[in-house]
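The same chain A turns up in both complexes below, where it pairs with chain B and then with chain C.
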Partner chain A sequence: MAIDEKMLEQILNKYPAKVKRNRKKHIVIRDIEKGAQEIEANTRTIPGIITNRGCAFAGCKGVVVGPLKDMVHIVHGPVGCAYYSWGTRRNKAKSENPKENFLNYCFSTDMQESDIVFGGEKKLAKMIDEVVEIFHPKAISVSATCPVGLIGDDLVAVAKAAEKRHGIQVLAFNCEGYKGVSQSAGHHIANNILMEKVIGAGNLEEAPSKYSINILGEYNIGGDSWEIERVLKDIGYHVVTVMTGDGSYEELKNAHIAELNLVQCHRSINYIAEMLEIKYGTPWLKVNFIGIENTIKSLRNMAQYFGDPELIQKTEEVIARETARIEPVMAQYKKICEGKTAFCFVGGSRGHHYQGLFAELGVETILAGYEFAHRDDYEGRDIIPEIKSDADSKNIPDLHVTPDQRRYRLKISDEKMAELKKRIPLGNYKGMISDMKDGHVIVDDLNHFETEEFIKILKPDIFASGIKDKYVVQKMGIPSKQLHSYDYSGPYAGFNGAVKFAEDISMAFTSPTWNFITPPWKNKPLLDGKIVDEEAS
Partner chain B sequence: MKNKVVNLRNVSQNPCSMCMPLGGIIPFKGLEQSMVILHGSQGCSTYMRRFMAEHFNEPIDVGSSALNEKGTVYGGEENLKKGLDNILKVYNPKLIGILTTCLAETIGEDIDRISLEYLQEREMEDFPLVTVPTPAYSDSHTEGYFLAVKRIITRLAQKSEKNEKVNIIIPNISPADIREIKRILEGMEIAYTLLPDFSETMDAPFTNNFGKLPNGGTKLGDIRNMPGAKATIELGITVEDHLSPGKYLENSFGVPLYRLPLPIGLENTDKFILTLKTISGKEVPEMFRKERGRLQDCMIDSHKYNAQGIAVVFGEPELVYAVTKTCLENGIKPKVLATGSKNFKSGQLFGEESSNLKVLTETDFVHIRQVCKEMDVNLAIGNSEGKYLTEKEGIPLVRIGFPIHDRVGGQRILSVGYQGTIMFLDRITNTLLEYKLSNYRSSMYQKYFQGIDVK
Partner chain C sequence: MLDSTSKQIVKRSGGVINPAKTCQPIGAMYAALGIHKCLPHSHGSQGCCSYHRMHLTRHFRDPIMASTSSFTEGASVFGGVANLKTAIKNVFTIYDPDIMAIHTTCLSETIGDDIPSIIKSAEIPEGKLVIHANTPSYVGSHVTGFSNMVKGMITYLAEVDVEEKKQQVNVIPGFVNPGDMREIKRIVKIMGIDSIVLPDTSGVLDAPMTGEYTMYPRGGTKIEEIKDSGNSLVTLALGSFASSDAAKELKRKCNVPEVSLKTPIGVKATDELIMSLIKKFNKEVPYELEEERGQLVDIMTDTHFHFHGKTVAIFGDPDIVIALTEYILSLGMIPVHVLTGTPGGAFEKEIKAMLLEAGIRANVKAAGDLMELHQLIKNKPVDLLIGNTYGKYIARAEDLPFVRIGFPILDRSVHSYLPVVGYKGAMRIIEMISNALLERADRDAADEDFELVM
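Now for the complex of A and B:
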């Protein structure tokens, strides 16, 4: 069943008039004839509408900074924010020395009333001292929660003084929850500080291999980046650092030496990608390692960038080997999934990335959207000059970098760059909308009310989203697939990940659980019987 | 107090409590057709929804006034009012709870004034908006929970005619526990108002017609009439007087108050049943005598195994008290008690027994772990965060309380009443047995063949 403007109108009519006008701009029904379609995004959340969006703190500490394994991440504030961001994202990490992996810990200054009144700087300073004494981390991050900014604690000054005392970097992130309109603000804040203070702080001047790359915006949920790295290493790439899944502070410092930056999650990390290009001359390539075809395409594009026949050949060999191995398995799962429909509403990139993988299994994504994306994630980067900055986005300062005089090096010639840009998404992302079919719905910042209404009309077979809407959907009798934490499964990226994903959603479709929803006394009598004609018998 | 262990560190590392507004949300989830909104950054409501959904495995709708930088400068009044408008329109609830967050409290938002003004502006003065100030820096989720219950009663209760009902105030227990308490009340043929009743709302049966607001919850009309009740039973002996809903009903309306421990364990359940008998004058039905007898049988069956347990009990004060008592009456030695809350007066609660207990308040798991090592603890009883004790020290964990997020079924764990205690005790004994059996051969081998003395 498709949806048209009239039905959309009916859904929105249940809102107060002002809310209706606002929400209408965030919903687009794809109409290819219309050409480029505009969608509103990255604007303020409507109060009282149950959104899935988080805050700047969540984007900064929770998403970008938190996964760096060899740092201790201190949350400065009352206990809640630290507690709720404690191991909840399933960003996996392993260290050669287990004593240098602090991801299992949750550190909070646990501010009390007196700290709010008299300030929490001293407590924070003492806590940093204790952390250094107990854990000897290579670096420390301090993330601010709402009250910190309001009472005027000077995180930067505390961090600076602590750096002097201990001789290690202490990074201060002023990512108070009220900044910006969603976690997107926190990504930006984190990007700025990592770029300013960490990247380039390493001593390496030259890449250890011709094919040295960074993977940006990959958070190793359920082991995704391990699967991606397996394939890349097989082909012959050297991964300098992953930002930031299974990432380390030590490696991040040398991110400047890479020959190419791959961007997986565009939303959360495009700032660093751009700045790396300006400062060190390293181009970035938009990749998507979710789904077999997209993985193959990304690998081929990388090979194109380096243009080395040997690398191209090795890439093809690995692709051939991997596909030969997994295609028969995928074909089996496709039999189960074929013809089904999905909603795909996740974060800032996965809402788009997973559509390809769904399609390979014969599942059509009929509604998709992002929680906290900007217009360019929907409409493509070409739209960026047209995006007007508002008061909220202006509150997050842009970091302006200039070419590094010593380290800037053009990685490929301007002509080659221009030529490549025609063929591969070098420095470009075309966004979600252009990949969606006619009649499909794109919704920005989908909320609980709309979730239910769209489900009632479009009746998807599976709903891919997060834990907050998981139970709403399941209560409506529809299987859900968590694409934030993968329901304790994964990896879903790369070749092996595609198989795991196919297995997981096939399990959802074939689970006998759903067959028992209607009790037998509701639709048919428990005992079949008929009146037997006595004489005939 | 001598046995109170003081934490001299500034680091709160792996905390043992959550923030005040989280606790405040739960009671509102136990009212019929009710909604709740957090006044502050949207991240607070998102984090807490996420967190509660993991425990209850249910949809958790919590609104937010979604304050941003502008709100912090000019105040968040406009946002809060808009939020209320939208919740009313989309959810059409019978009551809305307004909880504050660190942000709203730090900038000094006066939610009482705003909500009063709002109701006047919208000409709906009778609509129950219940405000609860819950700054996370002042107390833990435990205090947030009781303050919310108290504010709900304060807002709704009115002088009412004397009736035959008994008020039952419960702490943060599982929906399955609430259902068991209701079964006992119904078994005793006692009319009651139980608050907050999230037994259905937070553990809803699957039906084909899913509604935005779940069915069930304490009826608002019943709460209004709580002052007319015969008595109040508050299952909360650790609750401070100023937070106690029962104390409020006693002081303001003269409803006799019985403060009892959670009915986990034989003695605690006896107290509950006996109090019900005293208040109602009704006989205890045969059914409960049988259940009590089965519990005794269970205790006797297990007593030799249980004697080997040296336990750490952690979580919210009320649960820690009831579980500790249960351990004591079964020969399990509770050596370490820990809670993230400040309010746990173990000396008063345990009397002489308290000299054998190490008590940690406002604590974190690093500290708990350290004390557990010192005390040779071999059994942990508490919520999911205790998994660290298992991972780091190999101490097996019996899961009970809130939150249970690394296993399914936190909402279905039954531990109250004679029947619940049987199930709870079996879980403990079986954990000890499993531990023993899996280590039995190697310890025998080490002791008798290698001559190594192992504990």
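Now for the complex of A and C:
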């Protein structure tokens, strides 16, 4: 069943007028004839609406900064914010020296009433001192939570003083949860500080080997990054750093030496990608390692960028080897999944990224959207100049970088760049909408009410989202796949990840447990003879 | 695992490392879900609400519905009055609950939003209710938040409209699972006593799969029942940290006498619950319950050599840990470290009294954290660790058998459906403890010592 404007109108009519007007702009039914379609995004969620969105703190500490394994991440605030962002995201990491991996720890200043009244700076300084004494980290991050900004604790000053005392970097993130309208504000804040304070702080001037790259916006959920790196290393790439899955502060400092930056999650890291280009002359390439076709395309684009015949050949060899290995397995799973439909509502990039993988399994994504993306993630970067800033986005400062006098180096000539840009998404992301078919629905900041309504009409066979929707949907008898945490499975990226995903999705479809939802006594009349009797009478 | 945790304990005062508690609003949200057709509402930035919903969902593996005031920077500066009014209007129009239970967050508390006066000036549809509780996370813990919300229910809703108290009991079960609330209701029911259990998340957060989703499942304490709680003969507050305040409020507001008991975990605490019911209602204990008790004691005796004399570290929420410690002692086990993240001198006092009576010395600590617990264990090793999911890091680091009891449990399932309270729950706990210890014995045994019968 498809949906048209009239049906959409009917759904929205349940809303109070103001809400209706607002939500209407966040929902688009794809109409290719119309050409470019506009969607509203990155604006406030209306109070009272049951949204999936989180806060700037979650985007900063939880998403971008938290995965850096060799730093201690202190959360300055009451205990909750630190507690919920402890071990819940599945950003895996391993270290040769386990004493340099602090990801299983949770550090909170655990502010008490007196700290709120008299200020928490002293306590924070104390915590930093204790952490240095006990853990000897190479660097520390301090993230602010909502009350901190309000009571006026000066995180930057505390961090600066601590740097002097201890001789290590202490990064202050003013990522109070009320900033911006979602996690997205936190990504931006994190990007700014990492760029300003960490990237480039290393003393390497040149990459140790050919084909040196950074992977940006890859968080190693369920081991995704390890699978991607396996393939890249096999082809001959040298990965300088991953931002920030299994990432390390030490490696991040030298991110400036790479020849190319790959951008997996555009939303959370595009700021750094852009700034790296301005400051060091390193172009970025939009990649997508979710799904076989997308992985192959990304690998080929990378090879095109470097343009070395040997690299191109090795790329093809690896692609041939990997596909030969996994295609027969995928074909088996496809038999199970073929002809089904999906909703895919995730984060700021996965809502788009997973559509290709679903399609490879014969599953059509009929509704998709993001939780905290901006218009460019939907409509493509070309519309960025048109995006109006509002009171909420103005609160997040832009960091303006300039070319680094010593280290700026054009990695490829302007002509080559222009020529490549025609063929590969160099410095560009075309967004989700252009990949969606006629009649498909795009929803920004999908909420609980709309989830229920769209499911009733479109009846998807699987719903890909997060933990807060998962059991709502499963209660309706529809399988649900968490695409933030992968339901504790993974990796889903790259070649092996595609197989794992196919296996998991097939499991969701074929689990015999679905067959028991209706008790047998509700299926058929209890007394076989009764109907006949009634008919006879 | 946790390789940076040293044996040497350095005194700390800058905060917590690996907390053994979380913040008030999550407890308030959980409590509010125990009212039938209630939508909890988080008055603050949407991040808190998101975190609390996620964490509760992971523990219960069931939908956790709650709305938020979605503060922005403007609201944080000028206050959240407009946000809350808009939210109230939208919630009733779109999600149509019978009652909305508002709790605050650190942010709205720091701003100082006056919730009662906002509620008064808000548009609330005829016949619908809005209640609230202040839940500043910089005070107490998630248990405090639970307690505050239950108290709020009484403050707003409990009434007296009969001359003579009814022959019915109020039971405030505390911060326990729906399976526990179900079990408590069952016990009171087979005693032949009418009860009002509040809050009651059974039938809400352990709702069955039917192929249909309903935002407000069948379970939960009905608003009428909460109103009627003012007419009850007595209130049993199970667990003083989570339940006493509400019981005291019932006493103050409706003159319902309060009996403060432990969470009924283990034979002694369950006995006490039943004795209180006998005393107040003049009832005989039915054979059914006596049989259960007998079975429990039979199991305790038959298997005592599985656990007797084993040393234990216990951590978690104060009410649960207090009762568990008592039960552990009844089993002949030896508590060595007993810790809660929630602050409160009453915790240390109560446990120390129990230990004194048993002639056992142990480390007892309120407002502690898991880093400290881990270090204590390094200094004085134990045979078994009992606590919530977060204990698994310590269990792995120290290679300890580990039994999961408490909140939250994020890495195992079914726990929210089955009780740890009552005689049945006590049997379950023995099963968990015995299995953990015996699995370990099996794993570690040399071939020649590997036994078929144990």
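Just so we're on the same page, the second predicted complex is superposed on the first by the 524 of 537 C-alpha atoms of A that agree within 3 Å, B and C clash if a C-alpha of one lies under 4 Å from a C-alpha of the other, contacts with A are read in each partner's own complex, and residues count from 1 in each chain.
By definition in this document, contacts are C-beta pairs under 8 Å (C-beta built on N, C-alpha and C of every residue); 3 or more make two chains touch, one makes a residue touch a chain.
Keep in mind that this is a model prediction, so the values were computed, not measured.
Once the complexes are laid over each other on chain A, chain B and chain C cannot both fit and instead clash.
In the superposition on chain A, A:R44 makes contact with both chain B and chain C.
Legend: residue contacts after superposition of the two complexes on their common chain; A:Q332 is shown touching neither chain B nor chain C. In the superposed model, A:D115 makes contact with both chain B and chain C. When the two complexes are overlaid on their common chain A, residue A:S389 makes contact with neither chain B nor chain C. Contacts of A:K99 after superposition on the shared chain: chain C is touched, whereas chain B is not. Once the two complexes are laid over each other on the shared chain, residue contacts for A:F107 go to chain B and to chain C alike. Common to the chain B and chain C interfaces on chain A are residues 14-16, 19, 44-58, 77-86, 88, 104-113, 115-116, 123, 126-127, 130-131, 134, 145-147, 149-151, 176-182, 391-392, 395, 448-449, 452, 466-468, 470-472, 475-477, 517-518. Residues of chain A touching chain C in their complex: 14-16, 19, 44-58, 74, 77-86, 88, 98-99, 101-102, 104-113, 115-116, 123-131, 133-135, 145-147, 149-151, 176-182, 391-392, 395, 448-449, 452, 466-468, 470-477, 517-518. Touching chain B in their complex are the following residues of chain A: 14-16, 19, 44-58, 77-86, 88, 104-113, 115-116, 123, 126-127, 130-131, 134, 145-147, 149-151, 176-183, 391-392, 395, 448-449, 452, 466-472, 475-477, 517-518. Taken together, the chain C residues at the contact with chain A in this complex read 1-4, 6, 10, 12-19, 21-23, 25-26, 41, 44-48, 50-55, 57-58, 61-76, 83-84, 86-91, 93-95, 105-107, 109-111, 136-139, 141, 207, 209-213, 371, 393. Interface residues of chain B, counted against chain A in their complex, comprise 9-15, 17-22, 37, 40-44, 46-51, 53-54, 57-72, 79-80, 82-87, 89-90, 101-103, 105-107, 135-138, 140, 204, 206, 208, 210, 212, 340, 388, 391.
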